[in-house]
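Could you have a look at this structure, given as structure tokens, before my questions?
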Amino acid sequence: MCRQWGRAMPVPALSAEEIADLLHEVFPQAFYPGCGLSLVRVDCGDVRVRRTYHENTIRPGGTISGPTMMELADFAMYVAVFSAVGRQPLAVTTNLNINFLRRPGQADLIADARLLKVGKRLAVGEVTIYSEGADEPVAHVTSTYSIP
Amino acid sequence: MCRQWGRAMPVPALSAEEIADLLHEVFPQAFYPGCGLSLVRVDCGDVRVRRTYHENTIRPGGTISGPTMMELADFAMYVAVFSAVGRQPLAVTTNLNINFLRRPGQADLIADARLLKVGKRLAVGEVTIYSEGADEPVAHVTSTYSIP
Amino acid sequence: MCRQWGRAMPVPALSAEEIADLLHEVFPQAFYPGCGLSLVRVDCGDVRVRRTYHENTIRPGGTISGPTMMELADFAMYVAVFSAVGRQPLAVTTNLNINFLRRPGQADLIADARLLKVGKRLAVGEVTIYSEGADEPVAHVTSTYSIP
Amino acid sequence: MCRQWGRAMPVPALSAEEIADLLHEVFPQAFYPGCGLSLVRVDCGDVRVRRTYHENTIRPGGTISGPTMMELADFAMYVAVFSAVGRQPLAVTTNLNINFLRRPGQADLIADARLLKVGKRLAVGEVTIYSEGADEPVAHVTSTYSIP
């Protein structure tokens, strides 16, 4: 769990670098050099991740596909869970609900995940996805992870 | 729209072959020879699709990743929408809610999508995902598509 | 849990009468004579409940309000959980997702709940709500209950 | 729609008093003196509403029932839609997804609704519900309204 140590903001259970190392180790199919995913900021249960734009994520209409955004949201939640509860790679999604709000342009996607509850068995959070350079979110997600 | 023509079961607006051709044409990044996705059965607003097992879909714990199942569910809905309303490649997901029920083994995934409502502007459906060879579903999805 | 006893259909953990008695006992604010809710059929993890039409459930437009349908769906899931796992009145909803499909007329509502998974800690199910006399569903729900 | 008029914060399409009057007029079954629901603050697409505690909302375990929170969230969204698009009483919920996070005590509930998107046909928002006197939310909701 995050540690407070009398500070204004609690220290995350794992740092961005530690989470990146963990992902490389346990999930190399999804997180490898050149995969397009990166960790921008990691606070306790509150993280920002990024997905570099790649043309193979485009769907009919010239916008980024829904599954690309769902994958990014799920990744952001996974990182947020690590930031709050530490090394738990077997944490799994039990529910994810996404509302697509606006069609993203051909640009990087930025996802902000924030945990609303961290229980012993379940963590619930929300993720807001932005298209780089635009103010309004392109998608909003709520999700629950089961912690083993 | 599907046509009834006095038959017991309405004829889908597009056949499986027509939908596969449309997907190849408009969404070649997602649907190409060897992509692992295929159409098994297409009735009106009621379809079955399949995703061939591939080791790069495995996540920590040796099970198939959540985003793989979300992508398959979204694909199944897209095909179901075509089967009911015809050539509408600019139909887009507005909402998707998934519950992960059981961890799939290392096997093909089969997704059955069924539309619950086909309106002028929105189609709502549910998708049940199975792991080949197992009786109990591994995930259940409801989703809404916006039809332009 | 339901008992099979070599029968084609498993016997529910509690019968309709036992569940009605339990509800009267533990939840008299919601389930009392004249409340409008009743149990129509109880199989194992597969139940039908009914809500009698009452004019105070009408919302602008002359249709039955959304919260009326959400309450009915949650009630149907509660009954389905009892049918599958027995006397667990402290089971609580952790997630409920509802899609409103068509506007019900001024008639009774019928809700069919079916559990998709019954685990040690969580039960997941879906509920389809009908307006009496109409073939097409008016709402579709998925929901998760936590079992203490 | 809300009007900006060169101000820092846009003026809502309807004020709290205008919305309360509208609700009394069009939805007297739900919004009447003594109903327990009240409007605390109305900005453009960003509102706070309250539900006074009443013992008939208690469920087994001594906590407030899920349907009570779902009704409050739906009410908060309805008010938020009016604040953004004006007098549209025939706006209806098409989707609502709720995660229950913590069990509220026997106290008033406060719901903050914020619209994430206001389109021509759909408004999407999120609602966070608090139990008076507690810092952590008891439930989180996302919902879509269809605007006629």
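Chains here go by letter, A, B, C and D, matching the order in which they are written, and residues are numbered from 1 within each.
In the analysis below, a residue touches a chain if its C-beta (ideal position, glycine included) is under 8 Å from a C-beta of that chain, and two chains touch if they have at least 3 such contacts.
From a predicted model like this one, the values you see are computed outputs, not experimental measurements.
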B-C or A-C - the one linked by more C-beta pairs in contact: B-C
Farthest chain relative to subunit D (centres taken as mean CA coordinates): B
Approximate Å spacing (C-alpha centroids) for the pair subunit B, subunit C: 28
Separation of mean Cα positions, subunit C and subunit A [Å, integer]: 35
Interchain centroid distance [CA atoms averaged], subunit A/subunit B, Å: 25
Overlap residues in subunit B, where contacts from two or more other chains coincide: 94-95, 97, 99, 144
For the subunit B and subunit D complex, residues of the former touching the latter: 94-95, 97, 121-122, 144
Complex contacts: residues of subunit B adjacent to subunit A: 26-27, 29-30, 55-61, 63, 65-67, 70-71, 74, 89-90, 92-100, 103
Parts of subunit A lying in touch with subunit D, wherever the complex brings them together: 95, 97, 99, 101-102, 116-117, 124, 126, 136-137, 140, 142, 144
